[in-house]
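By written order: A, B, C and D. Residues from 1 in each chain.
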Amino acid sequence: MVEKPVISAAEAARKVQAGNVVHVGGFLGCGSPDSVIAELAKLGTKDLTLVCNDSAILDAKSGRKTGVAVLVENRQFRKVVVSHIGTNPETQRQMNAGETEVVLVPQGTLAERIRAAGSGLGGILTPTGVGTEVEEGKRKLLVKDKVYLLEEALGGDVALIKAAKADKAGNLRYSKTARNFNPLMATACALVIAEVEELVEIGALDPDDVHTPSIFVDFIVLSPRPEARA
Amino acid sequence: MVEKPVISAAEAARKVQAGNVVHVGGFLGCGSPDSVIAELAKLGTKDLTLVCNDSAILDAKSGRKTGVAVLVENRQFRKVVVSHIGTNPETQRQMNAGETEVVLVPQGTLAERIRAAGSGLGGILTPTGVGTEVEEGKRKLLVKDKVYLLEEALGGDVALIKAAKADKAGNLRYSKTARNFNPLMATACALVIAEVEELVEIGALDPDDVHTPSIFVDFIVLSPRPEARA
Amino acid sequence: MIEYVENKDVIAKRIARMFHSGDVVNLGIGLPTLVGNYVPEGVTVVLQSENGLIGLGPKPEPGQEDKDLTNAGAQPVTILPGGAFFDSATSFGIIRGGHVDYTVLGVLEVDQEGNLANYKIPGKMVPGMGGAMDLVAGSRVVVAATTHLEKSGASKLKRRCALPLTAAGEVDFVVTDVGFFQVLGGRFHLKEWFEPYDPEWIMAHTDVDLVVDDDSAACKDL
Amino acid sequence: MIEYVENKDVIAKRIARMFHSGDVVNLGIGLPTLVGNYVPEGVTVVLQSENGLIGLGPKPEPGQEDKDLTNAGAQPVTILPGGAFFDSATSFGIIRGGHVDYTVLGVLEVDQEGNLANYKIPGKMVPGMGGAMDLVAGSRVVVAATTHLEKSGASKLKRRCALPLTAAGEVDFVVTDVGFFQVLGGRFHLKEWFEPYDPEWIMAHTDVDLVVDDDSAACKDL
């Protein structure tokens, strides 16, 4: 197996270009590539399109800020494609002010659209959203007397994902609910950067227990868990 | 967690009714539920529709016979939906003689159609088969200037699958390339019977390493590996 | 004269009695989460959380929180023995594929056609649908959980939802703090009333097509 | 007068030189399998097998076969350190999603439009397409591997496939035992000829629209 380059979070952030469609893993911040996000915030790269489950948590009262929220706050996104913005009022403010375009996608549809892009499918037929505003502008198809929406594949330029562990070839394992969208995004973008907490030798992972095969990963960023840092 | 009933291979086979659409795991016999298949062959249940990667191996010269081949030989299928029959000449003989209907489906399309059924999708759009006989009778759709075939979900009545290990709740782990279609079929049928080589206590499997969550499995058949039998 | 007093626990208790051992249940954020506290002894339900787990357990002991183990509301949770983690496509395959028996959701409005609105108040609040649209479209049984009256005194049960729909025609049951309703044939059917409320009170405070079924009865022990 | 002698190893050797370290390669059953024997030293390719693995290794030692570890031809194989197993949907997601760099397939016919036929001879032999249709539709580069002439003396390279197609317009390169061809713009382009054959011989024995490109040359050291 070929080893994948291990780069710094700052180097990883510089691979994101202004105007890129960026997929970012995480669910309200759980399973987000926080080190790379922090560097991307420092760089301030603009005009990005975000594909993510949500715009994470930005809580003025508690001061809690997770995942991509800092990038929203920085106004680095021209457009966000997410299932939920309810825990980040700043996203809603920017939407209402016409500063940021917000496209709301049902969570399961978002997952399938990303998976479709990674799997070479043009799209999928889902019953979700039929009879709601979500169906507007979409093709409806009848299969065995049931109505489905045609939801198209949603790929991207760069995937910033987070895993618990990588081997040097780039095989990944996720931890618990920090898995979420990360394995899907790993398949759907031209460039895939995996931030991981632990890096092990090739051969240390059981091939039956690999969550994302190495061939999807282009770069590895090693960022130990906070409690494991020196 | 609720424990799932552990039944004999003979009891499992009796759950398959004449006329059923039966999904059977395995790739040329690797990862097939051989004990349940053997009992189903004994019962001789007729008029079944098979959904399987292939019609397995039936080699007159070497005498090698794997997976569902015995059921083909027994003429228990009215119809077989598979990607490949080249290693079982009896399937082709029955097809040419008009005894069995053979529907050939590209392997990746077969996998996605089964997954779609299990995931509540009406179907998927694939580029595979465009410009070939496979496109006959199917809807073609243009997405971002590329032509795709609409391939519809393919569910079933009973899934006969094979795993290496189950816990008593029905969580499954597969071994190596014996995984193949088994996890997909587990999601796509009304009744799911998992033949396993080893049964462990609830809690013995790491939740990060479960390949098929327990909720998909209705019955467990314990059938130790040949070399592990008394 | 019966005075309406909001009571979320009554709603949660009644919903929890709908389940049988082995049922796979998804509980939405907010009120529905309370349902988990009232599952009767001897009934083992399997809780699914759409962010990627089956076998949701109780809150962790203080200090035992794991940053990698949360529920769909980003709160720390645990997993029970026999649980499993999976990615979001698998999670919604489970949901959309009909492998979740019951989904329990909070609502802004629910109507007699089984329509449900809970993700958007145009021009005011647009949290997004999250997983709700898939849950409502895909689950075997959809239960709307809601207090019966708004602060204005209007019923949350409507003839026709005015807000953007989360899903059309998918709600099977509505449980409020005054009664248990089935949605069928374009009408609400009162199956149980929760004392001190009675069918007369409910009829008077619910401006919908409402039928009191012959087999309906008071449910006293909530 | 050059006499044609079938030579599958020449085909395999030349194809093996197309790869760079890190390329993901799927080798079809039969002739393409030979390619694995000739990957140049210092080049590490990642072999994918559509039945569900990446990191395909050599045949196991006798007695070390594992019934759960086979290739797509049901032969016992091994997996290299750093390999991974997955289900068939993931396997074809990898294939269809363009994550396989090279797929090498045997053919019954291949034509100057890039059409390929290898799964069916109507009324005679219908093995089925297996994974071939997905591999050809999805891989980044499709290489058809075939001996140049049929037993009848006819070329396997056609103006137009007569047999049912495995895929339309997807073939990028054809490597036979006489030369290396690119398929482009509705024509075969001869890029290399394998001695003792020369462009004249190839033109005479290949009834297609064939261009000998300016930069074409003999490939001697096969």
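The criterion applied here is as follows: a residue touches a chain if its C-beta (ideal position, glycine included) is under 8 Å from a C-beta of that chain, and two chains touch if they have at least 3 such contacts.
Bear in mind the structure is a predicted one, so any value in this text is a computation, not a measurement.
A.B. asks: Select the chain at the greatest separation from chain A, using centres from the mean of Cα atoms.
C.D. replies: The most distant chain relative to chain A turns out to be D.
A.B. asks: Comparing A-D against B-D, which pair counts more contacting C-beta pairs?
C.D. replies: More contacting C-beta pairs are found at B-D.
A.B. asks: Between chain A and chain C, what is the gap in Å from one C-alpha centre to the other?
C.D. replies: Chain centroid spacing, chain A to chain C, equals 29 Å.
A.B. asks: Could you work out how far the Cα centre of chain C sits from that of chain D, in whole Å?
C.D. replies: Roughly 56 Å, centre to centre.
A.B. asks: Would you kindly tell me how far, in whole Å, the mean C-alpha position of chain D lies from that of chain A?
C.D. replies: Distance between chain centres, rounded to whole Å: 36 Å.
A.B. asks: Where in chain B do residues touch two or more other chains at once?
C.D. replies: Residues 112, 115, 119-121, 126-127, 174-176, 179, 207-208.
A.B. asks: Which residues belonging to chain C are in contact with no fewer than two other chains?
C.D. replies: In chain C, 53, 79, 85-86, 89, 92, 95-96, 137-138 touch at least two other chains.
A.B. asks: What chain-chain pairs meet the touch criterion?
C.D. replies: A-B, A-C, A-D, B-C, B-D
A.B. asks: Considering only the defined contacts, which chain B positions touch chain D in the complex?
C.D. replies: 27-31, 53-54, 57, 66, 82-87, 92, 95, 102, 104, 106-112, 114-115, 126-134, 164, 174-184, 211, 225
A.B. asks: Which part of chain B faces chain A closely enough to touch in the complex?
C.D. replies: Answer in residue numbers: 112, 116, 119-127, 139, 141, 143-144, 146, 148, 150, 152-153, 173-176, 179, 207-209.
A.B. asks: Which positions of chain B touch chain C when the two form their complex?
C.D. replies: Counting only chain B, the residues touching chain C are 1-2, 115, 117-121, 167-169, 171, 187, 202-203, 205, 207-208, 210, 213-216.
A.B. asks: Would you pull the chain D residues touching chain B in the complex into a rising list?
C.D. replies: 49-53, 66-74, 79, 85-89, 91-92, 95-96, 115, 120, 125-134, 137-138, 164-169
A.B. asks: Looking at the complex, which residues from chain D come into contact with chain A?
C.D. replies: Interface residues on the chain D side: 21-22, 24, 44, 46, 48, 53-55, 79-86, 89, 92-99, 137-138.
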